[in-house]
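Read through the structures below before going on.
Note that subunit A is present in both complexes that follow, paired respectively with subunit B and with subunit C.
This part shows the complex of A and B:
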């Protein structure tokens, strides 16, 4: 019933030039809101959701492309530099979107549940963290005892090279992990990959002896960034200075740089994923996912296809790991816990496994819930705690509320709820994959 | 006629005990032999000299002195894993489904038991309790923990798993992971809201912390003291009782027959007049009860618990269940013992044998390596039947 109402609504909205006007109004409104109220979360949500209306409303492809480019390359940079927190949120969304897209290949396309996906992310991050910092010269020193005047092993610009090295190294790690375990049945595979994820974390935590590779729980810092040319900062200031209202520092330019880099990576990943999905390999993955025995009978090299899925998924995570290490200039094992793996999984499940726009939407929703909503709620609670307000009826003073109740720390609750509710009520996700939609449609017409 | 049924029942109950003894002894002897041989080999190398500089003791004697304690500790932790593994294997045997939330059901049992003891402790009756009453209170805590965990397990099945029955294999597994995460934070929320603390400490009472000295003897330059704490005896006894009781329930009662029938073929069992849903609920109830008891025992042994207490023991118990042959009750116990032994041996000796380069912090990796190796080379486990591809 609601679905029919939804399609009817979409049909009216998609008539004539109405969709074009709607998209432009949405973007304009969002931009204006964020420009005039740079601290408002709601304004930010309006702007971000305009990407969704650009996707959902039916406009020509060229229009989508042009508007999308303007939004990503002009509006968001200007607005983001005005309030660097937005840029940070968008960067996080991009990182998680790339991770979710990678996991989507393994879970959504090939149907292999990987519960240790952040391990590959960690491989990429630690790769650049080791070679892009002083860590090579710290090797003989226990954590905290190294002299402070150690040189860097490689120049910061080696970052670009390591993006490509990370692809190879992460893919090899994926293959190495995959070789022994891919013969296992799905549920066993899930547990073994979980174990592998934990192994990587334990190694990162403890490989500070006998040789100090990872600096243990303290993590590696500082990690270098590629050099930022002076003319780029100058040029950006000359172009957009009046719009932004203050001079942009080099630190802000770095945020912008990493946002653009993440964006570029995502565009490439989406392109690669699309091509793969429509290729022979993609169809083989679907076959493996739907029925392994039948796939073998049709002559699909099962192990090789599964390995390919693992390698491709891992390489996406590896690239993002390098980006993360460089943008944060600091890496510690904490960022690669089991919870992160499940977080990425919940993005894939929420958006719709196997669906590229769905997965990106899932990453955006979960990240925003995580960074904006939960943290906003936390701030609100701590404000209440400082006030003298009392809950009516219960006669409970907010002041007495335990400080342990910090919603920002209850991500597990969020991830858990997403997984359970999606599995029970909408296992195909918010935006189901096209192939699944076709299947659903077939089933419906068959039933009538 | 009647008598022979009783005899069969008793035989069914006691049969696993022999295997249990055999495996405990077997793994203890094999592992001891391995470390002793290693110690002998490494004694004259840098490893032995390094140790000699520090403790004025040859590597061989060092290994030998610690050996009895390592075996006893290994057995105790092994029985804890085994008690948790029974819950995994029970549910897997019937539904072919990894109940990922079992580790949190275990944690809830631990928290309920410990909270009751803390409440009793606050009134002061724990401290003044006689030894007999202390045991009564402990049993009360275990029973309450079991009840809470059992009820939770049944609820979780009803809410999060039953609607997904018949869906592809990974769907209920993902839901189970969700339940696991949800419960972790719910425990944290409840604990944090009530006291502002995330962890709970088991109150000390009764004679559980005492050590029984079993003897002392000298072997060359080594002076070996044998001892076991009362806690460990309780843990081991309780786990064995759980296995015996469960084995009786599954193999010698009508309900057990129904459980086995549902495990073998659900539609046919349903045609034979078995209420499949009720049997599956019952399976979760039994698994939850065992998990809850294991939780309180874990708290007794390790004293300190927090909301994430279930995660690693849960994973290791699953490894134990797979190692023993998932779906096989005795196998779960054997797997637990072998894993507990391996882990304790690794934790105690790895550091010494590698001159401190890799110590007990790697013992968690051990469990996973075993899991991977078993799954590759013997997916049916030590005792299990062949696990085929079931469509």
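This part shows the complex of A and C:
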């Protein structure tokens, strides 16, 4: 019933120029809100959700492209440097969206349940962490004992090269893992990949002896970033200074840089995923997911196709790993826990397994929920707790509220609940996967 | 020369010998049926031919080369396509995509061509789509290219499975109970389709079927299996009057003259 109401509503909203007006109003409203209230979570949510309305409402492709570009390259950077936290949120959304898109190839397209996906992310991150820091010269020293004046192995600009190296290294890792385990199906595969994910994390944790590769639990720091040319900072300030209201520092520019880099990676990943999906390879993946026996009987080499899925998925994570290492300048095994793999998987499932816009939305929803909604709510509660306010009807003082009742602590409970509700009411995800409708020469477009 | 030849193949599961020393020869360009009671080993025979099972003993020669130890996808690439007893389509894919999967072994597009959408890729996709539409028309499935395979009616799904197999341009087509669950009219149409496939495309057909109207109508030769062994082989007329067949397949007491009726 709600679905029918939804479609009816969507039809009304999609008539004539109404969708254009709605999208522009939404963006304008969001921009204005964020501009006047740079600290408000709600204002930011309004702005970021305008991306969704841009996607969902029916406008021409060119309009979407232009408005999307303006939003991503003009509005968000300006607003972002006014409150760097926004850029951080968007950067994290992009990182997780890339991970979710990678996992989507493995789980959504090829139907291989991978519970250790974050391992490939770790491979990328540690790759740049090792070569982009002093770690090479730290090799003979136990953690914490190295002299402080060690040189860097490579210049920071090698970062760009390592983006590409990470693709290859992560893909190879994917193949290496895939070779022994891909004969397994379903649950067995899930368990083995889970184990592999843990192995990588434990390796990172313990590979500080005999040679100190990873610096153990303390992690590697500082990791270099590519150089930020002076003219870029200057130029940005000249261009947007009046709008922003204060001078933008090099540190802020780095945030902007990584935001843009992540955005670029996402665009490339989406393109690659789309093109693969709509080709012999993508069809073979789907066929393998649907029915392995029939797929192999039709001449699809199972192992090779599964390895390809693992390799492509892993390469996405590897690239994002490099980006993460550089943007954080610090990497430790903690960032690659099992919960991260589960988190990315829940993004894929929540958004719609196999659906590109779906998993991006899933990544956005989960990240925003984590970083903004829950934490904002926690903050609000703790403010109340410090005040003398009383819950009206119950006559209960806020300050007597247990500190255990902290929404941020209930994050996993909440995820569990959301996932259960999704499974009941919308098992195919927020934006379910659709097969491409072909314009077939000799037939009508075909009804529903 | 025989297109397919099996020499003494044996396949057993635990204590059960599903196929026991079957020697079988299939001439190119023929339509041949395998019949036998349930559990006679017919589907296992198919699965052994297509590499889903490896034979414990014996040799399978297809087109002059051995198929033993090859993976199913390699065997498919050699030119054997099949359909399944319980339909196995890719349900969440559209009809046309199912057929395109059948063409998998013939598509030459490289990953680079795919990612860069080079003209060679586009041309190949366009041609493949065109061919797929042609095949849909050929089997009588026109106009449903964008439907999900799982949404087709039963008869349509059977036809789609055949179209998907044809898309692989096989030399040999294995059909596992292709008329099961069809009404008499559909059965007749599908029988005609098989004959057309052989006559027009020159594809050799080996089918397992229980529907005796189909078997007797279409087969040039019939091979009868029982308890994993081949107990008889010959023309329909010969099989109809073969005592061992009557005994094994129709049960004792089936007398000449009643065959026709019972076989229905």
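Here, the second predicted complex is superposed on the first by the 408 of 448 C-alpha atoms of A that agree within 3 Å, B and C clash if a C-alpha of one lies under 4 Å from a C-alpha of the other, contacts with A are read in each partner's own complex, and residues count from 1 in each chain.
Here, contacts are C-beta pairs under 8 Å (C-beta built on N, C-alpha and C of every residue); 3 or more make two chains touch, one makes a residue touch a chain.
Computed from a prediction, not measured in an experiment: that's the story for all the values here.
Using the contact criterion defined above for the overlaid structures, shared-chain residue A:342 touches subunit B, although it does not reach subunit C.
When the shared chain is aligned, subunit C comes close enough to touch A:302, but subunit B does not.
Applying the stated contact rule after C-alpha superposition, one finds that A:275 touches subunit C and leaves subunit B untouched. Of the two partner chains placed by superposition, only subunit B is touched by A:194; subunit C is not.
By the document's definition of touching, of the two partners only subunit B reaches A:205; subunit C does not. Subunit A has more of its residues touched by B than by the other of subunit B and subunit C. Once the two complexes are overlaid on the shared chain, A:293 sits against subunit B and subunit C alike. Looking at the shared chain after the overlay, A:181 reaches subunit B, while subunit C stays out of its contact range.
Contacts of A:284 after superposition: subunit C is touched, whereas subunit B is not reached. On subunit A, the patch touched by subunit B and the patch touched by subunit C overlap at residues 293.
The touching residues of subunit A, when paired with subunit B in their complex, are 111, 113, 115, 180-181, 183-188, 190-192, 194-196, 198-199, 202-203, 205-206, 209-210, 292-293, 338-339, 342, 345-346, 349, 402-405, 410, 412-413, 415-420, 423-424, 427. Contact residues on subunit A toward subunit C in their complex (touch as defined above): 272, 275-276, 279-281, 283-284, 286-287, 290-291, 293-302, 435-438, 440-446.
By the touch criterion given at the top, residues 50, 52, 71-73, 76-77, 81-82, 84, 88-94, 96-97, 100-102, 104-105, 107, 109, 111, 114-115, 117, 121, 125, 129-130, 133, 137, 142-148, 164-165, 168 of subunit C touch subunit A in their complex.
Touching subunit A in their complex are the following residues of subunit B: 97-98, 160, 163-164, 167, 169-175, 177-186, 188-189, 192-198, 311, 315, 318, 322, 356-358, 361-362, 364-365, 367-368, 371-372, 375-376, 379, 387, 389, 391.
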